[in-house]
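For clarity, chains are labelled A, B, C, D and E in written order, and residue numbers in each chain start from 1.
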Amino acid sequence: GSKSEKYMIATDVTYAPFEFEQNGKYVGIDIELLEAIAKAEGFTYELKPMDFSGIIPGVQANQLDGAIAGISITDERKKSVDYSNEYFDSGVAIVAKADSTLTGESDLQGKTFAVKKGTAGAAYAESILAKYGAKIIYFNDTPSMFQAVTSGNADVCFEDYPVAMYKFKTETNPELKVIGDKVTSTPYGFIVKKGANAELLAKFNAGLAKVKASGEYDAIIAKYIGK
Amino acid sequence: MIEVRDLVKRFGSLEVLKGIDLQVVSGEVLCIIGPSGSGKSTLLRCLNGLESINGGHILINGKDITDPKEDINKIRENIGMVFQSFNLFPHMSVLENIMLAPVELGILSKDEAKKKAMDLLGKVGLADKASVMPSKLSGGQQQRVAIARALAMNPDIMLFDEPTSALDPEMVGEVLQVMKDLARDGMTMVVVTHEMGFAKEVSDRVIFMDGGNIVEENLPELLFLEPKEQRTRDFLNKIL
Amino acid sequence: MNIIEIFRSSLPVLLEGLRMTIIITISSLLLAMVVGLLVSLLRLSGKKALDFLAKGYIDIIRGTPLIIQAFFLYFGLPDLLNLRISNLTAGIIIMTLNSGAYMAEVFRGGILSVDKGQTEAARSLGLPTGKTMRKVILPQAVKNMVPAFINQMIISLKDTSLLSVIGLGELTQKGQIIVASTYDSFEIYFIVGVMYFLLIKLLSLLGEAVERRLRV
Amino acid sequence: MNIIEIFRSSLPVLLEGLRMTIIITISSLLLAMVVGLLVSLLRLSGKKALDFLAKGYIDIIRGTPLIIQAFFLYFGLPDLLNLRISNLTAGIIIMTLNSGAYMAEVFRGGILSVDKGQTEAARSLGLPTGKTMRKVILPQAVKNMVPAFINQMIISLKDTSLLSVIGLGELTQKGQIIVASTYDSFEIYFIVGVMYFLLIKLLSLLGEAVERRLRV
Amino acid sequence: MIEVRDLVKRFGSLEVLKGIDLQVVSGEVLCIIGPSGSGKSTLLRCLNGLESINGGHILINGKDITDPKEDINKIRENIGMVFQSFNLFPHMSVLENIMLAPVELGILSKDEAKKKAMDLLGKVGLADKASVMPSKLSGGQQQRVAIARALAMNPDIMLFDEPTSALDPEMVGEVLQVMKDLARDGMTMVVVTHEMGFAKEVSDRVIFMDGGNIVEENLPELLFLEPKEQRTRDFLNKIL
């Protein structure tokens, strides 16, 4: 888009602490980071919350200029989108019911996995599916996936580590917990359509550097995750 | 055989039968005539329990059909009914129409029922139509099958509700003939009809109904020739 | 939290979703009526080619799930044509195209239900086709259409729930969003269900009232 | 990659989804026929209370979107009752309850379309209610029901596409999963759409054939 | 006025009109009689272009109505038609029914049309029914409104297709009376009817049609009393 135009930037509907609704407003690490970067770089944008599974297709389809939604940087996705510099170091965690006796990946023999379509967690689960003789169920969003575990329809699900940790930490009576440690280490990046919108990407990278330097970045992270 | 005492029937607030008293003895042929809406069909339908009644009693062979302890289905087996619109079962052949009730009610085996059905079809002159579907028959043929179907249950009583009034004129005769044969064989019959010829020739007694009441009853020759009531006279003048 | 508290705290967000649901339903239905009328007229035009086109459109819409139509229109087509539509626009387009096809059959049924003698009487007075349709046939057709029309309204209203898949913040999606943070799935989906139910009840009562008035 | 290559490489996964779609459609339709018949008989029983119950069930199903029913049944109820149902079971239950309600109205319509004289003739022969229904009314009702029945089959088939929201791997979900890794949304949704379209075309041709045979 | 030359009309493979030749002069009243299915209605409907034709020519006031260059709507304005089933527009009042065409076609202003409609309603004896909906009228009244509606366009020719055969007997007279008045005023009329009394009294000429052909035509008294053809005789015997 031209400079006068607003960028359409997608984010997930519900992905605390990166993006979520609070008192009718969108908040979270991604949201505030984008805000700070846009301010630093002087561009305007409109935020489009949507199902995660629709985000990359939407960017691909040129429905969106970019997206920031806790998107893990993977080689597979690099074929279809361009990434900014990484802005957060994440990874996949295994999540089970709070009263589960499972302790980690080694207990997954014959279990049922719940995943969210098109996520790093889904990719990881698919990669170990055969090894553990497990079953996999796909959902469109995190709540559906979590619900599958709380309602017992799946034994574990795979979610990005900070998201899961944040969630269970902030709940007074968490129904789920993370078992074991991160099983992967994947950084997050802001995305634009492959080969398009280098301009926006450059602005994001420049802005990211500025907010990191100014300490704003650390403040945002500390606000949601602590340190 | 049939005894009706002070029968009252209402549809909502409309009183259609206003205290009917009636007796039919075994072997009797009773014709009911009267203007449209006078309650003839309703009376007939009450007799085999197709309509629930609001007052009075109906005794068939001494059994009160409104008594909840009586099995209305058992009583109905004993009363054949023939409708103006035939009401053959269109998805069954003529033979199957006739065999259905005796077989389903366990009264006859399939073979017996078939034999009986063929007999009856012979009687109504349709032996060659056994395997035909009803839609392929003329109205007169359908009505004769309907009579055979009712007879298959060996009823003691047959009720006819204007059996010929949905027929083209050239077919009326064949149905009346079957009914005459039945009467001659001693069947107890209650017939709602506008066929005065039939009533005169066959019936033992004629009832004239109007407005939910029996206005007059008499031997057919007397009722037709010397009606006592003005309403009867008016009605007969109109239709004769 | 009991259901009353959950209800109280979720109400503002849900009402916002409800508003969006109603906006999409109404605007797409109005557009679908136009589409439906035009397509039904094509079908009744007596011209083979036009009828074929109209029939093809109706067949495609009726022969595929709405969700696939939504995916195709929101993700597939823009990808190919390199254009951009907002999810609200996409939602309204999808619902319009979808109900439009069904509405076309409703209109066609309504028009065909008007006695042929009416057209003949109008034509024999010298009224041209268009005027005959507008002044004589459609007013009667519309009357006959009311039940089918209400039925289609209800279906459309329910179908908007699918637009959550293209990220439209209507009632169903708002419900999902709340569940995502509170996990009160039983209560929230119950409340959302009741909201749809009441809205639809209202619609059908309205429909019956209209029908009763028209019958007089 | 052109569409033919995409087609070739996605076909095995999509066919697996298609298989699931067909399994769910058929099994839920068979069950829905039983539910529908029973519910329609309740509605026609003449008993106020039974009619009320049946009507309530139908109203609730018709008054809420399938997607909400699915969420409620798969997420809400097990959460509350602390039981566990597989998504296949849940999918079949949802589709059965949903089509069952519509099927009940199809049955009711079919039964009411049979001339009252048929019941009276059967009853006056001494046949009890049950036998009258089974031997005389239903065979005729079924014949009158065929078009509405086929229509409901098509709707049910399309509705299974919604079960992707509860993680059921039917055709639509398989399409989404492929798109999630290849991003070929235009091609994949096109192919999936064509698959549904052909399946539904097949169904309606079948339906027309059955109808034609019954009419003779 | 009307000239029909070798008119052929087919429905699919069924030839319904097999080369009709016919002339109607200004002010003439022509009656068409004939058995059911002989093509009477079809002929009438061809005359105002409600049916497309497969051969021959129809000239109305010298204009060939099958010529695509002619505006069929303009021609129709000049030909009123009255149907067996009235075909009033049920969603409009009597007045609106009559006013519709003149107003919509821009021939009269609303006020003029209303005045004209009231005049016509007076003529057909229904001045008091102007604001009534058609469904509230008896059959005879509806048909008279239909005639008034056709007259509102000031046609030169009126076509009537069995205008009284859907009416209860007691209403036939009032409609025939309106038609007689019209004839007396010099309207050119083509009337398909089975009302022999009307044909005898009012018409200048009667045509007998059978099997898509004009079998015989003559002055009414001659055709009715001394039919030349056997088919005409058979038909007259049946209906008289």
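Following the convention adopted for this analysis, a residue touches a chain if its C-beta (ideal position, glycine included) is under 8 Å from a C-beta of that chain, and two chains touch if they have at least 3 such contacts.
In UniProt terms, the chains line up like this: B, E = Amino acid ABC transporter ATP-binding protein; C, D = Amino acid ABC transporter permease.
Predicted, not measured: the structure shown is a model, and the values here were computed from it.
Under the contact definition stated at the top, the chains bordering both subunit C and subunit D are A.
Between subunit B and subunit E, the centres computed from C-alpha atoms are 49 Å apart.
Inter-chain spacing, taken between the CA centroids of subunit D and subunit E, is 54 Å.
Separating the CA-averaged centres of subunit C and subunit E is a span of 45 Å.
Subunit B has no residue in contact with two or more other chains. Listed for subunit C are residues 75-76, 79, 164, 176, 179, 183, 185, each touching two or more other chains. Taken residue by residue, subunit A touches two or more other chains at 57, 60-61, 140, 144, 147, 150, whereas all remaining positions touch fewer. Interfaces, counted as pairs of touching chains, are A-C, A-D, B-D, C-D, C-E. Interface residues of subunit D, counted against subunit A in their complex, comprise 74-75, 78-79, 82-87, 90, 164-167, 169, 173, 176-177, 179-181, 183, 185. By the touch criterion given at the top, residues 53, 56-57, 60-61, 76, 80, 114, 117-118, 122, 137-140, 144, 147-148, 150-153 of subunit A touch subunit D in their complex. Residues of subunit D touching subunit C in their complex: 59-60, 62-69, 71-72, 75-77, 79-80, 154, 158-159, 161-162, 164, 172, 175-176, 179, 185-190, 192-193, 196-197, 200-201. Remark: subunit D residues 115, 117-118, 120-128, 131, 135-136, 139-140, 143 touch subunit B in the complex. Partner subunit C is touched in their complex by these residues of subunit A: 8, 13-14, 16, 20-21, 24, 48-51, 54, 57-58, 60-63, 140-144, 146-147, 150, 175.
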